[in-house]
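The following blocks contain the structures, represented as structure tokens.
Presented sequentially are two complexes of chain A, the first with chain B as partner and the second with chain C.
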Partner chain A sequence: MTAQFRAVLYTQWKWSRIIVVLGTVGAFAIPLLSLQGAARADRGALQAQDLLRSVQSWGTLYPLLAATLGLLVAIAAWAADHRGRHIHALTLPLPRWRYVLLRFGAGFALLAAPIAAVLIGALLATVTATLPPGLQAYPLALALRFALAVFVAYAVFFAVSAGTARTAGIILAVIAALILVQVVASMANLDLNLLETLQAALVFGPGPLVVFTGRWMLVDV
Partner chain B sequence: MCRVAPVLIAAALCATPLLAQDSVIQRMQRRADSLLRSWHEVERLADVADSLEHFRATAGSDTIAVGSLRIIANRSPLPLREAAARAWPAIDSLYGSVAADLAEHPYIFRAVDPDTNVRRDPLHVGLEVPWDLDVAATVSLLLRTVEAPRFDRALGDWLGTVLQPAAGSRADGGAVFLQLVTAPSTAVRNCFLGELARCEDVLQVRDTTGLLERWYATPAEREALVTGSFAYYFGRGGTAALLQRCRQHHDDACTDLLRSLSLGTVPRPLSAEARLLLLREALRAGGRDAYPRLVASPEAPIGVRLASASGMTLDSLVIRWRGSILAARPAPLAMPWWAGVAAMSWTAIFGACALRSSRWRL
Partner chain C sequence: MNQAILIEGLHYRVGKTFAISELDLHVPVGSIYGFLGPNGSGKTTTIRLILGLLRPLGGRITVLGDPMPEHYARVLGRVGYVPEQPHLDGTLTVGELIAFQSAFYPRWDRARAAELLTKFELDAEQLFGRLSKGQKAKVMILLALAQCGELLVLDEPTDGLDPVVRRDILGALLTYVSERGATIFISSHLVHELERVCDWVAVMDNGRLITESPMEKLKHGTKRLVVSGAPRDVTNPPFRMLAREAGNGAGESWVVGDWEPDMASYIEGLGASVRDVIDLDLEDGFVELLRSFRRVPQ
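And then the complex of A and B:
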């Protein structure tokens, strides 16, 4: 099993190494850039608000990077199988679920690099910065949140990529049906807002995308 | 006679403008008097109109009395009596014995159809309230619209907002905590760090002599204030050159411009919410008779009044206020624990969906 995992990991690394390396560099750079200028000890009272504003602005990049990494690594994991029309998988002496599990696990292993980069970058940025009194850095919480967002994004896109064209068609048909019903309801002046309900289900409560929402602050009160 | 005539003519010529000037002054005086008479007449008419409108607004209405609250309202399903019973303890506990004055200032409500398309006469006295409000909303309305009794102008000017009996929430303290940390003011930051005198400065409860310099303590702050908030005001006329020098980082110019402003026109380092919390703290500390003590001597300095209301020294009160603000520090990074569990669960669910995918692509 270990040898199989190593082989799958190696092939997936070859297919997605550019994505992983670029993502790791970006993940390392964002925390450092978000606290640029905070290292100056002569900052006056005027800059505390500017610092928070800057951290908040850069914070929008974390969920974006997490979603992009999850999408691209998931696509890369199945790209070769799609190109070979899944013949190679049929020739392997492995049950399908184990083959998928190996691919899934290899993707997680590769995504550990950008997650670690966020953690190291955030720790480095907070160690070198001089924060105004009252503000605190949260590198661990930020890295944990980034990890969760990457995992959710990867799992979603991995599941979609692993499916057949028929599955993708069904998903698209359901979305189209929802939009159609919404349009008809709007034309009929009915008090029905399916898209808003769907959005609320996705991003509020225990929805799958809740981890992406809210403020991503490396430094906060 | 020939010698006297030119003198008389000269005297007449000199006196003519004086006479003309005198007549202009008299004319203006008459106009002013006439305007004053008209003003008094208008005031009398306005009083009559107000009285008639008051009568019209309250005619055929019921009066509800709970404690010293008096509510005049037309008959409707609006739960005014229940709401007043709930609101009264909050009002009474805030204003203490002075709450009895509220009986002289009744609420006037007109319960109206919540359907905004229904046509109705304009109301000039009292408030229109949709009759479908529930008890909680009606209580909130009573608490929001109660007029603080004997609330003098000096107190209002200092506070900068209204004093309502709504219980101070933790969120208020959190907002002030954010200001203490992020306000672009060294004085505020030093208050946050525990300098009591700076807290008293930014709360405006001490001697106001030289307060502007203490509020805007550094050259950078003075320059930011003058070139930011007052650039348009100082940008014309005799102050334009000073403003230009201030923009070139000459602190003497910025300070001169700042000193030419009156205290009331300069933005205060802390918002009204901070002062409101201090006032509430004083009233809470002073017990039931705190509010009567607060409004007892409107001519006294605000620091003395607050100390009198709270029954403690001003320093102790400010320490208490600072402690409550620090205790209300907002929760950082608002991702709850369950969001992490949800994310892991969704990862597992989508992973399981992938595991169930078919190997056959036919």
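And then the complex of A and C:
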């Protein structure tokens, strides 16, 4: 099992190494850049409010990076199998659920690098900065939240990209049907807001995508 | 276990126009079994059913004693497979593909892999996607043989390859069989190629089995007879009448299957006489079998 995981991990590393390396560099840089306005030896500190504003604006990049990494690594995990019409995978002598689990685990193992980079970058940024009185740094909480967001994004896109073109077509057809129903409902002046309801169900608590919303603050009160 | 592959009453449908129906195959252990049929006859679909890639709508498939597709994971560990089209990832090198494959097969033969790499003159550092068609076929054969399976399932493995590569591949297969006593199930539409290596043969057309027999019986039992004075109706002959054509004055030309020399007496009993018995090679026999099968309404 270990040898199989290593083999799968190696292939996935080969297919997604550029994404992982760039993502890791970005994940390391964002916390450092977000605290660039905090006090350094050579210049004065920003006021607390200005610093929070800066941290908040940089914070929008975390969920974006998490979603992008999840999407690209998930696509890379299945791209080769799709090209080969899954014949190679289906003729390997192991249960298919285990093969899927190996691919899933290997992708998530690769995503540990950008998650660790956020943690290290956040720790480094908070150690080297002097925070205005009343503010505190939350590097570990930020890294955990980033890890959760990466995991959710990767899991969702992994499931979608594992499917066939038919599955993708069904998903698109459902979305198109929702939009069509919404348009018809609006034209008929019906009090129906499907898209808003769907959005609320997905991104507001306890929706599965709630982790992507809200403020991503490395430093807060 | 006498049969490496046993198929009984197999039924499968592809879309609305093509179906495999009532297919029975018996592949003896240790045989080299040729699976012949024209393009689109259902050979690849049958192979995918054998390997558990597709689920049959009816019938029973047993591979190496285990029912398929229920026990696919166990069976596939004992089966080497070479598909019709290269199915391996083109961005991996030959060496990486070997390393990947070896992780999944407990009986992987490292020494055989290394030996075949040298024998086939393959470069382990080269990307699979950059290899020629012949080199890709060699890599796939290498992987199938190094798995040390008891059964090799090969779907048109030499189709479109030059004679040198074909000979290399067939040579490696025969060496493997003689060393390990493995069974080979090989599909092809290249009749001459199978004629040289197979000891059993099955012919399929339009999703149905036309015949299944030992190669020698099919080769030596299919004859062209020149018959003079033949009556219009020939009922219940002891041989299979595959074709009957009017001759050019010298008598009728019959193509028959399952022919034995003493069957001439049956024809003489009809008031006719056999003026000549001509051997047909497998390709001629194959063509006549197909023709006769297609004349009968299905």
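The rule is short, and it goes like this: the second predicted complex is superposed on the first by the 214 of 221 C-alpha atoms of A that agree within 3 Å, B and C clash if a C-alpha of one lies under 4 Å from a C-alpha of the other, contacts with A are read in each partner's own complex, and residues count from 1 in each chain.
Assume contacts are C-beta pairs under 8 Å (C-beta built on N, C-alpha and C of every residue); 3 or more make two chains touch, one makes a residue touch a chain.
It should be emphasised that the depicted structure is a prediction, and the values quoted were computed from it without experimental measurement.
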item	value
First, second, both or neither for A:R145, with chain B first and chain C second	first
Touch count on chain A, higher of chain B and chain C	B
Which of chain B and chain C A:A125 touches, first, second, both or neither	neither
Partner chain(s) touched by A:A48 [first = chain B, second = chain C, both, neither]	first
Partner chain(s) touched by A:F104 [first = chain B, second = chain C, both, neither]	first
First (chain B), second (chain C), both or neither touched by A:L90	both
Touched partner set for A:L135, first chain B, second chain C, both or neither	first
Which of chain B and chain C A:M217 touches, first, second, both or neither	first
Interface residues of chain A shared between complexes with chain B and chain C	85, 90
Contact set on chain A toward chain B in their complex	44-46, 48-49, 52, 85-86, 89-90, 96-97, 99-101, 104, 132-136, 138, 141-142, 144-145, 148-149, 151-152, 154-156, 158-159, 162-165, 167, 206-208, 210-211, 214-215, 217, 220-221
Chain A-touching residues of chain B, taken from the complex the two chains share	177-178, 180-186, 188-189, 192-193, 218, 220-221, 224, 329-330, 332-335, 338-340, 342-351, 353-359, 361
Residue numbers on chain C that touch chain A, as the complex places them	51-53, 73-78, 81, 83, 87-92, 96, 99-100, 103-105
Touching residues on chain A, where the partner in the complex is chain C	3-4, 6-7, 10-11, 14-15, 80, 83-85, 87-88, 90-95
